[in-house]
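In the two complexes that follow, chain A is the common piece, with chain B as its partner first and chain C second.
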Partner chain A sequence: MIRDYYNRHALDEKLRGAPRPPSANHLAIGHRQAVAMALAMAGEEEAVEKLLSSTTEFAVRFSAPGEWLVVSENDTPEGLQRRLDALCSARVYIVDQSEARVLFRLSGPSTRRILAKGIGLDLHPTAFAVGTSANAFCGHIAVNLARTGEDAFELIAPRSFAESLFDDLMTMGREYDLTAAFAA
Partner chain B sequence: MASLITCPHCGVRPKEEFAIRGDASLLRPAPTASDEAWHDYVYVRANPRGRTLEHWQHVGGCRRFLVVERDTFTHEVHSVTDGAAFARENGR
Partner chain C sequence: MTAYRLTTGGLVDRSRALSFNFDGRPLRGFVGDTLASALIANDQLLVGRSFKYHRPRGIVSAGPSEPNALVTIGPGARSDPNTKATVAELYAGLTARSQNRWPSLGFDIGAVSDLLSLFIGAGFYYKTFMWPAQLWEKLYEPLIRRAAGFGRVVLERDPDTYEKSWAHCDLLVVGGGPTGLMAALTAARAGLRVILADEDFRLGGSLLSETQAIDGAPAHVFADRVVAELQALPNVTLLPRTTVFGWYDDNVFGAVERVQKHVAEPLAKLATERVWRVVARRALLATGAEERPLVFGGNDRPGVMMAGALRTYANRYGVAAGRSVAIFTNGSAGYQAARDLHAKGIAIAAIVDSRAAAEDAAPEGTRVIRSASVVDTKGRRRVSGMVVERSGFEELVACDVVGMSGGWSPVIHLACQRGAKPVWSDQLSAFVAPDVSGRLRLAGSANGIYTLSGCLGDGVAKASVIASELGFKPAQDALPETGEEADPSFTALWYAPGAKSKAFVDFQNDVHAKDLGLALREGFGHVEHAKRYTTSGMATDQGKLSNINAVGILAGMRGVKPADVGTTTFRPFYTPVSFGALAGPARDKHAAPIRKSPLHEWARKNGATFVEAGLWYRSAWFPRAGEKTGRESVDREVLNVRANAGICDVSTLGKIELFGPDAAEFLNRLYCNTLLKLPVGKARYGLMLREDGFVHDDGTVSRLAEEHFLVTTTTAMAGGVMSHMEYCSQVLWPDLKVRFCSVSDQWAQIAIAGPKARGVMQQLVEDDISDEAFPLLAAGAVTLKGGLKARLFRISFSGELAFELAVPAGFGMAVADQLMDVGRAFDICAYGVEALNVLRLEKGLATHAEFDGRVTPDDCGLGRMVSPHKADFIGKHLSSRYGLTAADRMQLVGLKPVDREKDIRAGAHLLREGMKPSTLNDQGWVSSACFSPSLGHHIALGFLKSGRERYGERIVVWDKLRDQEVVAEVCDPVFVDPEKARMKA
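Presenting the complex of A and B:
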């Protein structure tokens, strides 16, 4: 049997059927966004960081020194690649990750309590402010965690771990009536 | 064992995110060094009680190699430096 993985979202099977109306705590699964990894060439780390943070067309997530994940809501994967090439070519290696990563957006009043069940980071606003991002483990799955709002977090996980992470997050949020659906 | 490590890139993290990659105080012998010197470098390890220098890799975070100076007796962590910075400082 031939399956077209390219056109199939990793969580299609999990989110089949009519979605429940979103409750206060909601997990939105992103689709149609472009994700790229940017790796600065040796010695260009600071220049690339400055260039990447100078625009508002995409969000920049820190993952390691000289390495970032770039998330764009409006661009296609090719468009994001072109935009990054134009911005800082010859200083950075760009690898498209749009089909390789799955975006989870967790929002609601109990998000910190939900995430505390799987993530060993201090998520108090004074320790992990809005706009901060870092690589971390959620259970045993490596994710990139970013705080996008006071009560809103974004997790970027490898596609092959998406179903496990989804199950984990739903279990973690069950006590808080967490609902899930694809983002509009 | 030390349970919290302050990664210079990621902040305070639980030890489960790290992989211990062995003694960081050893110096690689010259390629022409004697077999004894190479044997010592590759296989012979002390089991010290007190301060040790170790390579810890932050596999669950920035994936960088860090040099952690910790006490095997009191579990205190004295310093955490990036591996590249440590090598530069020590002229390796």
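Presenting the complex of A and C:
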């Protein structure tokens, strides 16, 4: 018996039905991406950091000293694993997190005010520039937060918390007519 | 009619009238009014009855210190009790009700308590505790509770929503008066990120009530100009209607913004109130100063008000509180009020000055009575005159308002909320803030500088210092021009002697000067004792007007200086904050996040009943048609697993992957059993101890490759074990080369158990999973038919032949569907955590119901797992303590009711037959219990003294909760298949 299993997104239930047209403030949910945790081997931390930042094939998010989340829009989970192995061979352990994390991409003019309702970090551009990432609490939920543009942020949250975080973000954004849909 | 709206003047918008309602009376006010100013404009000065004596009380102040004008605002579930009319912004359709009166404000039966006041003085409440004891609960308490009090809380669900928000700035300015505005402007122009918060709905503070010109313009016009400039700057956030209520560690401030408290129908998309947590590099308190009331006989009669409030009502709101105003003062502020009111055409009956001489100028033609005191007031629900006494000569002065001015107290609450004690200043006759670190400073009146020019200048100066400290360059702009100013001094007068009736210190809690005397006489003269004994300063206004006078009076009574009495302790909140605002959005099912397994939808689709397990929702059982109770479903699921096969969602268990050359050594030190030599492709049960030798957690350890491990934890301890590992790696053994990462969310994990489990799995898995190829405790990667990569473990928590299959989370539901599909031929069923629990109980397997933090491995019969050969592991050394190895420790046993019809519940205690229940006679307890469908009767696990030696003995299960005793037989904890033949199949 040959089976092609259907991959179900953690927010399938929440985002069922035709999406509303996006408003100025919009929450796009990443649907198909590869996420991996890169753990530098002892003594290889600096080398790995350098190698990871040497390419634009994927985005690198700081997770802990010597640990990064790598996010790729183009690779499959296996592809990303191979790419990272090739890039940092024998310097890093790669753990697939593609199914463990849900990506929330928040953009629009009110993004900072929306995020301030849950996140205690100072998101002023002088304190949290484009490209910065950090672990933070959004309300009660631990996320990895990255600034991807002047008015664009990405939150990476554990899959099991995705529905709760989604509800929280929509509540935080209701004042600014936040809309949500799966990313194209 | 005595109080009225002036024909001109004020900052209210006379072109925009608003209708509102007080105690059922329709009234009108203007945009820009507070409820208090609109009530005064409608001659409604009487607004409530006092807390204890039910005396008629009127509006006293024009701000947040108001002790009397507490009303309930809003209809039904939206009603807010104890709202200060003096800060409540008027809006169209506002409904307000007076409080603590019955049947009406004008005629209140409770007022009889005023006649009984001899018997209900300070401390009477405590005295009712003493004797006779029976009367307390039956008589005193209900009576006191009914008679005393403020507004009533509404028991309906609050329909409003609340939220929280963080804010960050270089400088937080608290207070938007002359000092705060200039400070914010100076800092903002220099480039600092500035937040300016003010509790008023209009920024400007005292400038809105000021008649003095600034830069040739009225003060409020100057304020508007500054506000407009601030508003235009991108580095400034203005927060009107926002009270900064607390100062916390790391210079974080709490503030509450009343986002929609000034509208009848709040918008659904906005929160009604918002709590701000402001992280400020520096903060400046520009909170101003509070005018002190004077303590004189009859000072609580409606119409006796703060002189400064009279100014504010006249200048800012265009309202006169009366037609003939008398002033009682000890300083210049009383004269200032008289001049302003006189200029508005309000008659000044007299100025009574406690001082012998003063430079202050009274309005032309006004009678000034110096070296005099007010000893009483006349009138019923409204003051009609005051008795002035000078050198024994008493005189009745007719008036309909008495304005009192007792000097100034800087508002220093926030600065003293973190333990710093206020210090007494002889020069200012006031308590001022001590130096509380450069991160929070005070400026203007809050700093004891009371002139307008002084405030403007101090705001600029302090902001400039702060800007320079933070590396900004403040501009040297010229200060605004203010012209000639009066000397703001006063001579402290704590108590006007010769009071002919009650002289109130704390209006809100009905504490008068004699109560303080009683406290002192009865040994409660310390300021903290006097506060509790008399309740002075313990009402919702927290003694904003009264505390300083209470200190002064106690000092006078004791013959010492106020500095020797000191103040009571300042604590957050500066003014009351609603519970709704503090809870924010974390309410109902949002009180904590919900975690869902990747198989949640699969379980729901299969009809699961869910149970909350920590943050998780886990499937408890899967009822089928005709099953009326959970027990029926659970029994069927258990029997089906033992007879055929079942699948269960075990995704919630913690999963951590470890890598590195020292990963094996790391785990070997972490767990009490040996793991160093665990072969690749094998799983092993692992038991983890705490440093004190008790069990921490258990799970499995699988070696996926030489330097690659996967450990599982219990659901509850997933986070705890992860941080324990972080601690061990970073603090205890930083030299070990190991990296690890939680993969709990990456995998959907399904247990497949039962004699037909292999048959089911073979339908799905490409690989050979026969017992030879994949024996008990095998672990490794497999490929599902169709190509999906998965992990398979031959582990069993049911005693049956069992597998755990892990697939990437998103595929969990599809794979579980497929298992159910192909399993139909094998009579598979879904089973939940309840059946899981029964299955493990029948096998005598321990969980955290047993590992309750008091239990050693040997207690649970796992003593053989503690390796005697390892050099070290966490918990090794303290495991050998005498108490942990004693022979009479409680040991895990099984229990069966002798009468098989009886049941046993967890939590019951164990006693020898015939012994009385007592701590001394306690033989142990029941940790888990269930009905065993495999055996057809109840079974239980418990801990019993030297239990393993006592199999066969009869013991009493004493269940006090159900008041039931059951005789049980002590037995081996493994009830089913002790030879373990089934799981090896």
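Going forward, the second predicted complex is superposed on the first by the 178 of 184 C-alpha atoms of A that agree within 3 Å, B and C clash if a C-alpha of one lies under 4 Å from a C-alpha of the other, contacts with A are read in each partner's own complex, and residues count from 1 in each chain.
The definition used in the following text is that contacts are C-beta pairs under 8 Å (C-beta built on N, C-alpha and C of every residue); 3 or more make two chains touch, one makes a residue touch a chain.
Everything quoted here is computed from the prediction, not taken from an experiment.
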Just to be sure I read the superposition right, which of the two partners does A:H9 touch: chain B = first, chain C = second, or both, or neither? second
First (chain B), second (chain C), both or neither touched by A:V95: second
Determine, for the superposed model, which of the two partners chain B and chain C contacts more residues of chain A. C
Is A:A136 in contact with chain B, with chain C, with both, or with neither (first, second, both, neither)? first
In the overlay, answer first, second, both or neither for which of chain B and chain C A:M37 touches. second
Contacts of A:D168 with chain B and chain C, given as first, second, both or neither: second
May I ask you to decide whether A:L52 touches chain B, chain C, both, or neither, giving the answer as first, second, both or neither? neither
Is A:D122 contacted by the first partner chain B, the second partner chain C, both or neither? both
Following superposition on chain A, which residues of chain A contact chain B and also contact chain C? 67, 120-122, 127
What residues on chain C touch chain A, complex-wise? 163-168, 193, 269-271, 277, 279, 585-586, 590, 592-598, 601, 616, 657, 659-660, 708, 737, 739-741, 743-747, 763-764, 784-786, 788, 807-815, 818, 822
Chain B to chain A touching residues, read off their complex: 9-14, 16-17, 60-64, 82
Where on chain A is chain B touching in the complex? 63-65, 67, 120-122, 127, 134-137, 142
Across the complex, what residues on chain A touch chain C? 1-10, 12-13, 37, 39-42, 66-67, 77, 93, 95-101, 113, 116-117, 119-122, 124, 127, 139-141, 158-161, 163-165, 167-168, 171-172, 174-175, 177
